[in-house]
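In the two assemblies presented below, chain A is common to both, partnered first by chain B and then by chain C.
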Partner chain A sequence: MRDRLEDLALAGPGVAVLAVAFLLPLFEMLRLSVLGDDGGATARHFVRFLTDGYYLGVAWRTVHLSLLITALCVLVGFPLAYVMSRASPALRLWLIVLLILPLMTSVVVRTFGWMVVLGRGGLIPWTLWKLGLVGRNFSLMHTEAAIVVGMVQVLLPFTTLSILGVLMKIDRGLEEAARTMGASFLATLRAVVLPLAMPGILAGSILAFTLSVSSFITPSLLGGVRLPVLAASIYDAATRTLEWNFAAAQSVILLVGVLVVLVPYARLTGRRRG
Partner chain B sequence: MFARVPALAIAAAIALGGAIAAPAQAQQKLVINSYGGAYEQIHRRLVIDPFARKHNVEVQVITAYSADALAQVRAQKAAPQFDVIHFSGGQEVVAAREGLIAPIRLDELENGKDMHPFAVAGLSRGEGPVHAVAAVGLLYNKARAPKAPSSWNDLWDPAFKDHILLTDLSNSYGLLGFLMINKVKGGDIRNPAKGFDAVKGLLGSSVVVATSPEIQQNFAQNDAWIAPYAQDYAFTLRKAGLPIEFVQPKEGAAGVFLTVNLVANRPNQALAKKFIDFSLSPEVQAGWAQELRYSPTNKATRLDAALSREVIYGEQAVAGLVRFDPVEVADARAGLVETWKKLIAR
Partner chain C sequence: MVRGVPPAIRWFARVFVAATLVFVLAPLIVVAGVSVSASQFIAFPPNGLSLRWYGAIFENSAYVKAFWTSLRLAILVTLAAAVFGTAAAIAIHRRRVPGADAIAALMLSPLILPTIIFSIGLLMLWSATVGPVSFAALWLGHLVVTLPYVVRTTLAVLADSDPFLEEAARTMGARRWQRIVHVVLPQCAPGVAAGAFFAFNISFDEAIVALFLRTPDLVTLPIQIYNQIEFSPDPTVAAVSTLMMAMTVATIALIDRLFGIQRFVGT
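Entry: the complex of A and B
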């Protein structure tokens, strides 16, 4: 009995903060999304979103860009994490610092940096022009490619460090055993390291996916007003056109979408561990 | 463990003492919004700092464009956090209708008697007075554009192709630029189809931006030659070293009326009204004209001949600006923004 009370007392403040700062706004948002003009319940806002090609296009763009970003983060992150796990501790520390360095600057400053590099006359278009691949006025700004590049830079550390954590725990002896059995380096990676690293890869990719699906500043600045993503559309509805109910409906759709992705992932990791 | 207790007790006592003492010495505080960047710097220099010194009050400035500011006061309706709110896009109409801003009587303002009639016409609707006027016309790069534009139709001139800059409708100036394009092409606010069709033709050869700094960046680095935007911003760009000129097209320039409004349900309304009055004084208005080429709304403002040519000076000149009915614009805004969003989406 004393134990239960102690547990409740310890957890109490945390739960209270969570309830007020997280659950309460969440319920308020759910309430707003089904509120009609007359105060009654209505599905009008959801219907508006789901039957309009424009909004479905925005949702599709958000999802497919996030999937691409997640895939790229894993493709780049896994080899990077492997190298980092096999490096000496000193080198590993430097690599980690190098990886997190972009996160230490303000998101707006970092994005403006990309605007200079990717814009007309910036380093990348200029190089491509000199190589004869594009015209003089080519610009990578305000394209989906720019969004992907900017987001991968931000989310790569999350994925890499998740995978690194798991890779560090894999017994070196298993790989050595596979090599002595005659497996090539790549075969060892595929048959031994990859399956064991899967929990880390899944955790890292969930993190990257949920962060990129709800991100707003980087896609807005790099993609521009002609390539809206869901979070930008919510911001627009909430502050520009002052349609709070519609903004809440879009937020609920975003939340449901993320939960829909999380459930199979949770099942996958659960099964593996168990 | 017990040695730490005195240290903790002292720290707690200091914190408590500070918390109790602070209100006793607190100055009166005014919370306002400003638009950031060069505008906010000048705003501080001409209005905020002198007012704070003169009345010995603290003025807290929150940077927010008009649309964001309206969203914030609307969200804070039950417990507003602003005392004075500035709008540049006609948001005062919506704010007055929703009871977010409180009416001011003309006789409550010392400068009220000197104001041009158009500047205080909104007072009867519960809106605040107009403290500055800007004109939306065409900005062009004098050094690189093949010719100086003289008409809104020059935006469709092939000479400017691929170097056009359009502003998103979420920006007050962008909205007015669009409404002028719509008017020139034969549409009106309630039937904007002609305007949207015209813009559709331009999309392939133009860049769409949402904020003023992006306009500067596009003129400076992205080789933009022509943009529908405001006269005051042309001056800001010239000060930044870019060869940008403002042209009032022959079909007319749209008038932007920047208002300063009193937020309702706040305790220090008297002080807020003094701030609003200060914003309307002749010295402040002359300062705005000098620094950023905003046009004055106080008849008593004196500008030298050269300066008065670069702004819209005098009742007649202001009457020559195209004024869209702010009530109509406020009602049509949501629909226009929605159609625009779908038009420009790729």
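Entry: the complex of A and C
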């Protein structure tokens, strides 16, 4: 009994912080999203979002860019993680450190870097201009391509490291067995490694997708005002037009979207463990 | 004899890894390059070398003020996250309270639920109940974001610890606080320290909570950079950004030197 009290006292402050500063804000947001002008409940803010072509366009852009970003992260992240898992421990450590570096760099700094690389007179447009392929004022800023490039750079380390975690646990004897029995390198990769790496690939994709749909700073700076994503639309409603109920409703839509992806996954992994 | 990896694929792998690293690191290198340019425009490759933009940071009171705000915030957030997070991790690890799993899920949930959603909720709740946002609101917001990291690193270390040490101390008559101070905390120490470094780095670099909870008087360094690059980027921003990257590199190097970074990634 006293052991329980001791542990409750230990967990208390942390739980209290999360209850007050995390759970309550989420409830407040849910409440505001259905609050009408007369103080009663209304679905008005949701109807506004779901019936306006502009906002549906924002939602569609958010989803299809996130799917594209997630796919690219997996396509690059899987081979990268595989090479890392087969590298010497020293080389692997270096590669991990080099991947963590952009992960731990502030998002504003990373995005600023891309603005320099992609903007007018930046590294890529300047090179293309020197090669005579584009005009002098060519810029890659404020395009969907810029958003994708900037986001893949941020999320690739997440995906790669979660795939690497699974690859490191695969018994190498399985691959050797497949090779001894005559399978080629690529056939082994496809028939043995890829299926075993699936949990990591799935976890990495879900992480990349949920972070991507909710990201704000990178897409709004690289995409500009004419290519808003859902998070940018929430930010506008909350801080520029001050329509808090509408901002809350959009946040709920984002939250539901994220949960739709997360919950089945959590169920799946929970069952496997249990 | 098992055949090795075909040479063509070996070469492809080398080129592929090199290209990926260039892609991932390019924006960081470019920022560092711009920061030492002599030109007053943003240019990469830099035209001539100069450290004048680093000098310009210290003449710009907005940057200096934002730096002190961020530093104060990150230190206070780190201290609180380390204390609360460690205590919670110990309780979760012992599994003696009912609902230890639920507590663990709650403590780790800010890692997966988008920060933007809870920061806007915090802004609304704070405005409705307390009033205009303040340093305290930002501190709470950052505490939510950083607590899970301390809990996770501490749990990782506790999972490898010897569960019978505390039992032994109990049998030999150690009181509750003696067991915690002399047995449990020393076992946690590497996890707590690594979590604290992560917490400091995250709080110092964080831009979403800080963006929603900003006021003209409450601007952190990342938000000052954001304001600048949104409208008029100049090489001073590059110099500030480079200093922030240097802090990140130092943090990673410290975590790796002290605890081995591999212990905390890939799970």
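Keep this in mind: the second predicted complex is superposed on the first by the 242 of 274 C-alpha atoms of A that agree within 3 Å, B and C clash if a C-alpha of one lies under 4 Å from a C-alpha of the other, contacts with A are read in each partner's own complex, and residues count from 1 in each chain.
In this text, contacts are C-beta pairs under 8 Å (C-beta built on N, C-alpha and C of every residue); 3 or more make two chains touch, one makes a residue touch a chain.
Remember, it's a predicted structure, so these values are computed and weren't measured experimentally.
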item	value
Clash-or-fit label for the pair chain B, chain C on chain A	clash
Contacts of A:262 with chain B and chain C, given as first, second, both or neither	second
In the superposition, chain B vs chain C on chain A residues touched	C
Chain B versus chain C as contact partner of A:228, first or second or both or neither	first
First, second, both or neither for A:109, with chain B first and chain C second	second
First, second, both or neither for A:15, with chain B first and chain C second	second
Touched partner set for A:242, first chain B, second chain C, both or neither	first
Which superposed partner A:137 touches (first chain B, second chain C, both, neither)	first
Which superposed partner A:121 touches (first chain B, second chain C, both, neither)	both
Stretch of chain C, among 19-27, 91-99 or 127-135, that runs into chain B once the two complexes are superposed	127-135
Overlap of the chain B and chain C footprints on chain A, listed as residue numbers	115-116, 119, 121, 238-239
List of chain A residues in touch with chain B within their complex	54, 57-58, 115-116, 119-121, 137, 139, 142, 224-228, 236, 238-243
Footprint of chain A on chain C - complex, ascending	2-3, 5-6, 9, 13, 16-17, 20-21, 23-28, 30-31, 34, 42-44, 80, 83-85, 87-88, 90-92, 94, 96-98, 103, 106-107, 109-110, 112-125, 128, 140-141, 143-144, 147, 151, 176, 201, 204-208, 211-212, 222-223, 225-226, 229-230, 233, 237-238, 241, 244-245, 248-249, 251-252, 256, 261-262, 265-267
Partner chain C, residues of chain A touching it in the complex	2-4, 6-8, 10-15, 17-29, 32, 76, 79-80, 83, 93, 95-102, 104-117, 119, 121-123, 153, 156-157, 161-162, 164-165, 168, 176, 179-180, 185-186, 207, 210-211, 213-214, 216-217, 221, 231, 234-235, 238-239, 244, 247-248, 251, 254-255, 258, 262
Chain B residues touching chain A - in the complex, by the definition given at the top	67-68, 70-71, 74, 94, 162, 168, 170, 207-210, 217, 221-223, 333-334, 337-338, 341-342, 344-346
